[in-house]
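There are two complexes below, and they share chain A, which is joined by chain B in the first and by chain C in the second.
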Partner chain A sequence: MAQGGLRSRKLVWGAAAAVLVGCSIWAVATMLGSSSGPITPGPSVTRRLTAEQYQNIIHDLFGSDIDLGGRIEPDLRVNGLLAVGASHVSITAAGMEQYDAMARAVAAQALDEYHRDMLLPCQPVSASDVDEECARAFLSKVGRLIYRRALTENQLEAYVTAAAEATRLTHSFHEGLALSLSGMLSSPSFLFREEVLEPDPQQPGLYRLDAYSRASQLSFFLWNSAPDSKLLSAAESGELHTRKGLARQVDRMMASPRLEAGIRAFFIDQLRFDEFETLAKDAALFPKFSAQVAEDAREQTLRTVIDVALTRNRDIREIYTTKKTFMTPALGAIYRVPVYKEGPNGSPDAWQPFEFPSSDSRGGILTQVAFTSLHSPAGRGSPTLRGKAVREIMLCQQVPAPPADVDFSSFEEGDAHAAATARERLNAHATVASCAGCHKIIDPIGFALEHFDGAGEYRLTEAGAPIDASGELDGITYEDAGGLGEAVYRNPAATSCLVDRLSARALGRTVTAGERNWVKDLKEAFADSGYRLPALMREIVMSETLYSASVPVDEPAQQVAAAAVESGVVEVQ
Partner chain B sequence: MKGQQNPMSISGARALPWVLGLAVLALSVPADSAETRQFAISWFAQATYSNDKDCSGGVHPEIELLYLRYASALGAKPSQIEDWRHKLMQGENVQDLNELVSNRGRIDGLPVNPYTHPAAVMDLNMPGLDGKYAFGFNLDGQGAEDPNGFEDPQTGERGVDHQLYRALGCARAFRGSLEDRPTYWAWSWGQLKDSKPAWLITVSGEDLSKDGPVTVALDRALEYLRSNADGTPRFDMAYRIDPDPRSRNVFRGEIKDGVVTITEHGTLRLLQNPLVAPELELSSVHLRLTLNPDRSARGFLGGYQPWHPIYWGMAGVGFGGEQQVTGDIPGYYHLMKRYADADPDPVTGLNRAISVTYYIEAIPVFAAPVTDTERQLTRR
Partner chain C sequence: MSKSFTRRTVLRGAMGGMAVSVGLPLLDCFLNENGTAMAADGAPLPVVFGSWFQNLGLNPGRWKPAQTGRNYENNLELKVLDPYRERMNIISGTQYFMDGRPLETHVSGVQIATMGSLPLGVNSDPSLDTTIADVIGDKTRFKSIEISLGAGRQSLSRRRGGAINPSEPSPAALYARLFGPEFKDPNDAQFTPDPHVLARRSVLSAIADERRDIMKRIGATDRTRLDEYFTAVRQIEQQLDIELQKPAPLASCRLPEAVTTDASGRNVAAVELNNKLFAALLAHALACGQTRVFNVNFGTQGLRTPGGVRDWHSLTHEEPIDPALGYQRDVTWFIEFATGTFAQFLRLLDGYREGDGSVLDRALVLWQTDHGYARTHTMDDLPILTIGGAGGRIRTGMHLVAAGDTSARVGLTVQQAMGVSLNSWGRLSNQTSKPIAEMLA
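Moving on to the complex of A and B:
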């Protein structure tokens, strides 16, 4: 937590605002309009910043060369997304120590002699004395960006006072400022995205996010970072509460190069690429696979997605079939294609566009090293894990965990069931009644990827036996990985899943039953756009459902909120 | 081949530059070549076939014992020699001995660096190898009649010329086999592979699965040999061919039963690494390269090589390297001088080249010529 005087953080509840924390609250029966029918907004949520968001904000505010100096506690995946898990996690005592250490490290760098001139809006009277005016100017400016709303006078005064006291002790104006800055960076108001609600004047009985919360909702969804000064200004002027003003800001944000960060963040989350942090392969079995290859593979898929979704603004389903991708020389070795280095010997390997021939079974992200290696154990490939991943990640279908007493040795051992190939072993294994149900719906998907070993390298045989890569997905049969990509492309669950996950990411929670009409609208609009992802993102951020929330009934928080509305300013110490 | 590309069949976005590159490579790849396989050399060392019967004069003693011999020859008293011997056996410091032998050359009676002045170091007349077998080629055409010829243990060919093996084969650091790699060459290649651009082999022919004529190109890449995380060479990397004419070599050859040989024996030049030897130069080049089912290749490269550069490659390690790796470096100078068998100096009559055989292993890669722009950009 913040140190010294900053510990006495004051939470100010505005005259018509209430901070509503948690997602397990019931909605009031109020409704928004929809072409598919009525929409009842779901609850508001409070989300802990993800590790990536924390980093993005720090780099946006202070420069990309700032070293965070630590690691944030692991995020939690809920209903397929870390973005949803972010509303389910808190911070442990040990985690708070990490945040505090990181805040101090970041603040020290931000105010060191290399960075301070770019950040400070003024020059202190003396580098060793208190200058409250200059400190106030800096802290109010940076505090607004860190808290994602203007600081209250009480908050600002507390930080200015703390900085002054620290300056007197350290005889350094900048160290004094750094203390207050680190306090801001340890504050729950920074580390958590609180949603502040207010009655919606346009729709009596409904609640809406206040303008600042609206700005955060927009910014974290589109840029995966905090609002910039322009967006906060739009919030302060009331522009964001008008449809025209909202559209103006959405246009600006979607035209920004930072939109790529937002799309990347979604796919990193959706594709579970956080799992690359723990991915390892047996070097004796897969000598080409290294930490660099893993990093390149992850980046390759992200570049492929960005190319389809943003650069070329194509039908997003093409990510499952596109022959176009990007390569590094190290990846080229795994794909067995020539990727010649560009630039001087010894320079970092550059990314190069690459296109597989139409006859090649490689195509789409399912056939890329990132997917095939991530969903394989360290020493082999796995039709089961890959099939399960397609079901859960691409189609949003839940595959039950295996029975507790399942004997994996019957598959793990290469000679199990006297079989040469994984298909033969799995087919034998699937004769066990308790296993057959699930394997029947996941293995035929994974079989299509059997030409790719545990590291994603192409192979024609397994243990000397030819590989049969035919399979089936929801009634569509195919002969190889290319066919699987086509099958996912055509499967309506794939686009439905994308809308479900993207809307959940925007809300920070899974949509409620009352919001299903909204999602139905989104799916129709998505189809109408030819499955263009930017169009879907615009549809989401232009929807009032994203900025509306229900208020809990008959719960303590609701009673407090009601009291706040009735009595004006309520200050909670 | 579906789903992957054979190094011979390039396609995709790189296809166009590859095709253009082939045009530049017109000398090395005939226009009518239908199949090309490319390799990067991943192991390069003198071919050795050490066994219990190849050094009738005995394997050379450890370097410490040779130092005592040098010390004795340089006038150290027997009691001093015994004291040093005792200390050496106890692992004690012998600074005075080290100072003596690290300057054991003599010019006008004054001590000089023995590695830079090997001819000024007395010749201990260490024995050469006199075994029957050695890998290599019948370079001089004498065949079975060649009194210095070996018999190749793989092919059975008689009259194999490999005098470098005869010169160094009884020194501990140079003993080994294709599997048990000689210490010096393992060290040498370890230094080279990560500090010099890779050496490339391109074999082109109508159908490499059948017997017939081929073209063999040996080039240097711009990139170093790329390795896997476990240190093994990485298959299927792509290398740019250095256009420097000092490293471009093309030979006519043939493939028979999956073995590639050179039929026109010219001169080979490949830039190497100044830290070991600036250049590998072979005349009367011979090659026997077996193409393996796993797409790799292994075989032998032979010819006559100026022996002074071989010496200077060793000499660079100095006193520390002599103790740790090579053994008696000036002694090797005398041995190579003794066994050199080609290119006599027109004035002195001393042979300046020695017959050699190198054992090579190679991995499948992609290779293509660079553009002029890349050439300018590339740091050597």
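Moving on to the complex of A and C:
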């Protein structure tokens, strides 16, 4: 490793040494070996917490009834994932104002009279006076969880002092403490996930995440939240740096119900379900599509995915074909199936398992209201948007933007504008050579979903004309939506895409050329498992590649135009 | 950076019971002999910058005045701005240069208009409103206010390093932010520094203390991002410092009526209602010295009339040109709706009087769009407007032609007028060191 490379990254030698003292020797000598060939780790990244992670941590720490009462700066989607965009975003003044307000609201609730007894390890001498000892006990305990590592003596002292000063000003121990806590929640150590590196004793010249960063890497991937106290203890003791210790924590974390939060987070990101925040349908055209329907539709697809991936631990590709799903009364109206307010055993849960008959064209998440409505404009359906979404989201293929200088007159003058069905209108595009190339590979995917209107409701005709739902995906032809689901199921790009995105989510960036062999291994292992998602996740968290890093060079100018578009910096039409 | 409080001085002051009592001066002492509104120290009221971005352009042949120079007459699509004819400029003929980069429709134009360049790397250039806010916005509680009309939190205001100033889509939320409990009426006789604000100020310095350690550890790219974060923290500190000082009285400052409900969704009724609420709030915020920079993103994305199947953008491509009219009828309806909304916004700023002038008189509002003609995504003969004389810094009442020049000439002119010290702006073919001299007073 050239010394010059270290310029951009000074390592925390002190901290590293402290960790190494209690560190056991690696059980496995070669960490980055691979059946596909050598792996060179990529750069480490600093990620801003996503809105969801912020919320998860607050709820884990202080209780799920804490109201965040604010909005976090918008996340940024890069290479298809917010998890990758998190390594690109910062915080502006206007955003900081919101974080600051949210931190104060959260801290005030955490230390209000309903919550404080659960959280405070001590009683202050007086409710209106400074009690540094009690403040220190609280701040040190909670600070370790917020900073995701033990606070340094200086850091702790700064917060204890801040709490004391704030108590003197407000004449309230709890208010003073809350203000100091709000400072922690606005601190860079909380809002950004910095990866602290140390020299890798097993790989001279290479670096690895220190034990605390390793713990974060693990927990944000599996739980989409910060490490719990047990995981931090495993980091502190050095246990986490051993193969056995890592396996023990992975077993524990994968057995936890919180694994579901991690899987959900991945699919919310991967399926771009954050876009539901701005989804609206025209009430005049789609009177059944209420805000409740939108919320339930999103949840329905997530439940379907969790059911396949986790509850039943099936081949993940079944999400494209399964007839099993879940319904609420609100969804029943749009699916036109009866859903009773009470579950089969009189349970009050609004969610009920539901199975479409094998003859039904519904089956798999592509036919669900969430997908068909999300990828439609507010007033109609769109085979193009839906087809593009299948290519980009399910198959990780980039569809080029439409040409800028299309001459529309060739079909404006024809009768395309007045055509009844989308297929007829879009076929008009095929007469323009510069359009035809892309429309040919996206529209036939979307045509299969034409029986579902802009709100996802079943229809047989469009503007009085019968709908033809036949189409083709990469050489497989089909007659309807069910056939499309089968075609995606059988498309090797679908599983490959999942591995690419899941590994990118874990790393906070897309893999580098040096890490391709790792992804190749993951893909093989995924196939060997019969495409079981938990098996793939275990494979990822047990690979040392996830915890290794090269000394970073400055990022090349890449993906920025795309990043700007996806972020909503600029309006995408 | 304004006068900064150290943690110590602030606390000492507070411990000593820093309640300050100031007699309320007569309101008319803030007018000079001509009745022009003045700040308490006799200086003219500070200049204001605003941007208004409306995608999807206008119709060629329907917006450009036939005459150039001072004796121009507004063409059909800008007729609605007739009340401001003397106080606005129309700049025609400029273009966005792509320099061989692929044209991302509705994106590239926005980038060149706001940043003077297409982004290269995460460290894209800052948008011009932020360079202006750095100069004129650092004495107010809010450095800038970003608003979106029907576009979610989309914002075109970005600082170097990929940091986007998020937009506020809700007038009720903006009301709470501007005039909530932390607002200090500049004309209140009594001023007592809020102990909570003092306490927050001291807590923030605990965070700022972490800066050095973090900056030492992280790589250069991340350093830019963390730098942006610490700049944001400093701005909060500054905001608190301002809240801890007795604000200078502002004769024209009146409190707005509370905004508790607003409209959501992307439809013209919601845009119309929210626009009025936002404009009124902004006028009050400007008059009460809360901010000097605002950015409005007029969201065209998905904008439809109720029951309309196609949105504005789809219509630009799919609606045939009406043979009788010679233009797309429904698209033109949206264009007129958008310019009408802008006119309404100006009307509300202009209706807020300060002496014998209005809030609009000391403002410069820059109106830009992404394409000359959305139907074919043209990048030339762009309509650009400026409204307001910026307290005398901008000459107005002209139709100026800058045929074939980069649009960045306007961006450069506006930044120079606002006091940003730069001789040239933009990159590659969009770079220019030639402001539009006719506009500079």
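Convention: the second predicted complex is superposed on the first by the 500 of 573 C-alpha atoms of A that agree within 3 Å, B and C clash if a C-alpha of one lies under 4 Å from a C-alpha of the other, contacts with A are read in each partner's own complex, and residues count from 1 in each chain.
Everything that follows uses one rule, which is that contacts are C-beta pairs under 8 Å (C-beta built on N, C-alpha and C of every residue); 3 or more make two chains touch, one makes a residue touch a chain.
Note that the structure is predicted; figures quoted are calculated from it, not measured.
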item: Touched partner set for A:187, first chain B, second chain C, both or neither; value: second
item: Dominant contact partner of chain A by residue count, chain C or chain B; value: C
item: Touched partner set for A:254, first chain B, second chain C, both or neither; value: neither
item: Chain B versus chain C as contact partner of A:284, first or second or both or neither; value: both
item: Residues of chain A contacting chain B in one complex and chain C in the other; value: 283-284
item: Complex contacts: residues of chain C adjacent to chain A; value: 7, 11, 14-15, 55-56, 102-107, 110-111, 118-122, 124, 142-144, 146, 151-156, 158-159, 161-166, 177, 195-196, 198-200, 202-207, 209-211, 214, 216-222, 224-226, 228-233, 235-236, 239, 265-267, 297, 299-302, 304, 306-311, 313-314, 317-321, 370, 375-377
item: Chain A residues touching chain B - in the complex, by the definition given at the top; value: 283-284, 287-291, 329-330, 332-346, 352-357, 359-362, 451, 458, 460, 480-481
item: Footprint of chain A on chain B - complex, ascending; value: 2-7, 10-14, 17-18, 197, 222-224, 226, 228-230, 232, 234-240, 366, 368, 374, 377-380
item: Footprint of chain C on chain A - complex, ascending; value: 8-12, 43-46, 71, 73-74, 76, 88-98, 100, 104, 154-155, 158-159, 161-162, 165-166, 168-170, 175-176, 179-180, 182-183, 186-189, 191-192, 194, 196, 277-278, 280, 282-285, 377-380, 401-402, 404-408, 412-413, 417, 425, 552, 554-558, 560-561, 563-565, 567-573
